[in-house]
Amino acid sequence: METNPYNNRVNGGSAIPSRVSRKTKPDNTIVSINDVQVGGSEIIVIAGPCAVESRLQLFETARLVKAGGARILRGGAFKPRSSPYNFQGLGEEGLKLLAMIREETGLPIVTEVMDTRQIELVASYADMIQIGSRNMQNYPLLKEAGMCRKPVLLKRGMMATIEEYLLAAEYILNQGNDQVILCERGIRTFEPSTRNTLDLSAVPMLKRLSHLPVIVDPSHGTGLRWMVPALAKAAVAVGADGLIMEVHYKPEEALCDGYQSLSVDEFARLMSDLNKIARAVGREISVPKPSTV
Amino acid sequence: METNPYNNRVNGGSAIPSRVSRKTKPDNTIVSINDVQVGGSEIIVIAGPCAVESRLQLFETARLVKAGGARILRGGAFKPRSSPYNFQGLGEEGLKLLAMIREETGLPIVTEVMDTRQIELVASYADMIQIGSRNMQNYPLLKEAGMCRKPVLLKRGMMATIEEYLLAAEYILNQGNDQVILCERGIRTFEPSTRNTLDLSAVPMLKRLSHLPVIVDPSHGTGLRWMVPALAKAAVAVGADGLIMEVHYKPEEALCDGYQSLSVDEFARLMSDLNKIARAVGREISVPKPSTV
Amino acid sequence: METNPYNNRVNGGSAIPSRVSRKTKPDNTIVSINDVQVGGSEIIVIAGPCAVESRLQLFETARLVKAGGARILRGGAFKPRSSPYNFQGLGEEGLKLLAMIREETGLPIVTEVMDTRQIELVASYADMIQIGSRNMQNYPLLKEAGMCRKPVLLKRGMMATIEEYLLAAEYILNQGNDQVILCERGIRTFEPSTRNTLDLSAVPMLKRLSHLPVIVDPSHGTGLRWMVPALAKAAVAVGADGLIMEVHYKPEEALCDGYQSLSVDEFARLMSDLNKIARAVGREISVPKPSTV
Amino acid sequence: METNPYNNRVNGGSAIPSRVSRKTKPDNTIVSINDVQVGGSEIIVIAGPCAVESRLQLFETARLVKAGGARILRGGAFKPRSSPYNFQGLGEEGLKLLAMIREETGLPIVTEVMDTRQIELVASYADMIQIGSRNMQNYPLLKEAGMCRKPVLLKRGMMATIEEYLLAAEYILNQGNDQVILCERGIRTFEPSTRNTLDLSAVPMLKRLSHLPVIVDPSHGTGLRWMVPALAKAAVAVGADGLIMEVHYKPEEALCDGYQSLSVDEFARLMSDLNKIARAVGREISVPKPSTV
């Protein structure tokens, strides 16, 4: 047989650093966010608005995504925006609203941190901190995340190779924190019809090379609300341990990324469809329940 | 709401030429290859070796993929190879073997054509002709394919945008042949760990913009045998109308692309898994049957 | 010292096929198009319209680019166009006009061939045949070009690696024709502000790996008329053996690519600037002379 | 004439934010680093080692690059490295060495800052602070750089479009600091033979859209020592206001990026060649002088 030219040092595993490598730790790592476990047989859905805008917006969205089956609430307080003139988030006020909604709904919260000076503050409110794509190689931030005692959701850089991504995660583990969730969220390619190109092959590749759980973000991966459900289903079929999706109770009024946010109804319908795929691949997803708030 | 910057002239549909456009023809086009219909509720699997190598290899592989549920046999007689020193295919001898195996198995055959001078020859043997990625913008070849009376499997160029891809299909339809199947087979990106990056978002995008059926090639899309099943499942979940996969009865002895070819056993297991996903998305796939040859 | 991770099998040369390799033939190959030699110390400029439109357009443009210092005339008779509804070229009528203008101006002509069935025809009129980007991996066409007795201008595919490009050239040399000129014309990247990204590092890389001459096409490389002069100067500075540029006597009336075509005045000014750069790198370029037609 | 499809909202200028835009300020901005002015007719060369390693290494390299014509000394004290196990820089000790060498040579120094908590420290030693590619969208860092009273060298992200790059610069100007130098340093593409693809078209594009000076980094842009001179010459020809290059007095012993660092002799020869190109485009470059230390 021909030698496989694509079986290179990356997917052959020799370039993968030790702490994240499955060679070092063959068993899956389970990341616990309060009572929610990511990396086991249950597929975990994280949902919520792009940005925290108001108590009403956050509460209404949280209540409804919980009813739809979401297990963790997402929402940005500090927002990385390409332009300095776009809405930059509510800051600590947003963190306080997230904490308040956690008390009301019981959903753990995940929110982004962008600055080493804010980690202590963000970690004091959040149940899991997120390091976004633009900061995937912000090494001081990765080191601080490694020293904080909270789980970390580390999103793949939009132009990061699998090797660079795992090296970035290694920075966190190297500080003693192995509670890291990886997240494929679309890479930058030449194709202009979608916001990014969702690289679903990254899911089996990351899971083969590393013991860390891997989730998928079809909202940023496509940038198109109508396309989110199809890619969410594909993500479950390809083997993802979870999904993170933007949902807004009134997408047309969102201050940020409304065009890629699902409405609450769309989310509920999607969860029902995802459940069928999950079962087809031998996993489960939380069944939508009547609102319990 | 912010305007969606990704809702551009491509996915908004205004750049899409008329004959391929769903605006012109809202209903799905069904492509018929003998008695096999692509584009309806059944998900069609095309399988077979990269290249036709010998009667034994082709017959053994064909018999077994048919038993596994494949509905169409693939196999290359004229092979586009990056190097002039690689195996270039058996030529007409390969076409004759394909026709012979069709008689024995009843499976329709699809094979690639690379040269306008060969179209008549290839179309006289094949039930569907394939235009490969490297020839997606070979306009004389597209025009000839449009004039031939056989269905055409047009693979996406590895660096073609959705808009360019649909324009290439338009060349075929513009000659009066609407029996065209589109095929996402991976695009070229910066990521080196896979052969290409399979762009599964292309499936819902193409189906929204066009009435033509869309299938997926996870073999070339990943270039890694172990990864083919995961991406095949994702392709079914995302809404593909079919799959085309490389299967070889002895992958380790294949003259071409053995590293991305499934063994017959792997293929049979995969078909069973795909069937579950197909049902989860409200479609069906042919159930593996005992060998009938 | 760290091992250079970028000193891989491509630029280390081990992946380069034998006939194009500088290891096999250390001296530069000189390609002769009638009395014009490409690959020596003179930098050769090829200029003319994107497409042959009429005798008047071609003659006026040819006369003026010759006066500006162009040594070879370009012009398309068979045009590869993304859409079937765009102007497809004048066909053989265009070839006849090119031959007529050669008689009048003495400039050798280069024109594109897209179809194996046309090679004999095109080669009977042209002094050099061009294989365009979209056909860089059209292997039957490469083989025919290798068998024809005319020099070949082989443009890099917009998606082709250096390795694939040299393998494509090898197809031509392997048929006994070593009169091949390579041409960097921009690759496809994520950047939308230019038509392509002109990869000027390809020039020193190709010249290090191969003995074939290398020219640059800043018209397609940028897609922006105002940017062509800056990149043309850079191409001379980086070590190109020549340039191919689109020039039109009335760009605003061009049927094809007018937005990237220089006017005749812009071309004349540019040639004067290029001459200074050529001398700064120890080469020469033909000095603009008064019109001699 | 056809509408130019590449004359989009970016290069048409409508997407460019106000403070960086040439529409707002038609004249070139001159950035002053002590007595060195970037953006005028003189082309400024910044040279030095990737990382500060020792007093001897830094002093020897600085003395020799000054003799070769460099006007500013570069050297990293805090190094962003893909792997946590690579040399991370000397930290403040490196800053102290840089300041000491400035006293001895008179060369202003530029060095990278990666962390908002370090900006005050770095700015207290450096004459210009650098924000590296990986931090181009680190918005808190950009804001701090905007508030500091030192010139800023902002490198283009390897994945950043021209539009995103100018938006990142706008974050700095929006805080009241207009002393910003832009730097093209290679973008990530599919081509594996070079470390990045140096996008020289970015130079005329940035200079057309913005009043800020633009320099080029051929060391990171190519990752290959032997290729640096060719691309440096092209950068001067294309219109860059300066260059930043890695030079090491003993490249084979460098702790970081030795494979892309010029030796001092190579640097001196290159400066002489660059001088000729600079004059050919109507600019000047500091003439190498005998060592004055």
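As written, the chain order gives the labels A, B, C and D, with residue 1 at the start of each chain.
Simple rule for what comes next: a contact is a pair of C-beta atoms (placed from the backbone, for glycine too) under 8 Å apart; a residue touches a chain by one contact, two chains touch by 3 or more.
Source: prediction; values computed, not measured.
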Centroid-based (C-alpha) most distant chain relative to chain A: C
Contact-richer chain pair [A-D vs A-C]: A-D
Interchain centroid distance [CA atoms averaged], chain A/chain C, Å: 47
Rounded Å distance, chain A centre to chain B centre (Cα mean): 33
Approximate Å spacing (C-alpha centroids) for the pair chain A, chain D: 34
Residues of chain A touching at least two other chains: 159, 188-190, 192
Chain A-touching residues of chain C, taken from the complex the two chains share: 188-190, 192
Chain C contact footprint on chain B (complex, rising order): 17, 80-85, 114-118, 134-135, 137-141, 157-159, 164, 167-168, 170-171, 174, 188
Partner chain B, residues of chain A touching it in the complex: 1-8, 10-11, 159, 161-163, 187, 189-195, 197-205, 208, 221-224, 226-227, 230-231, 233-239, 251-254, 256-260, 273, 276-277, 279-281
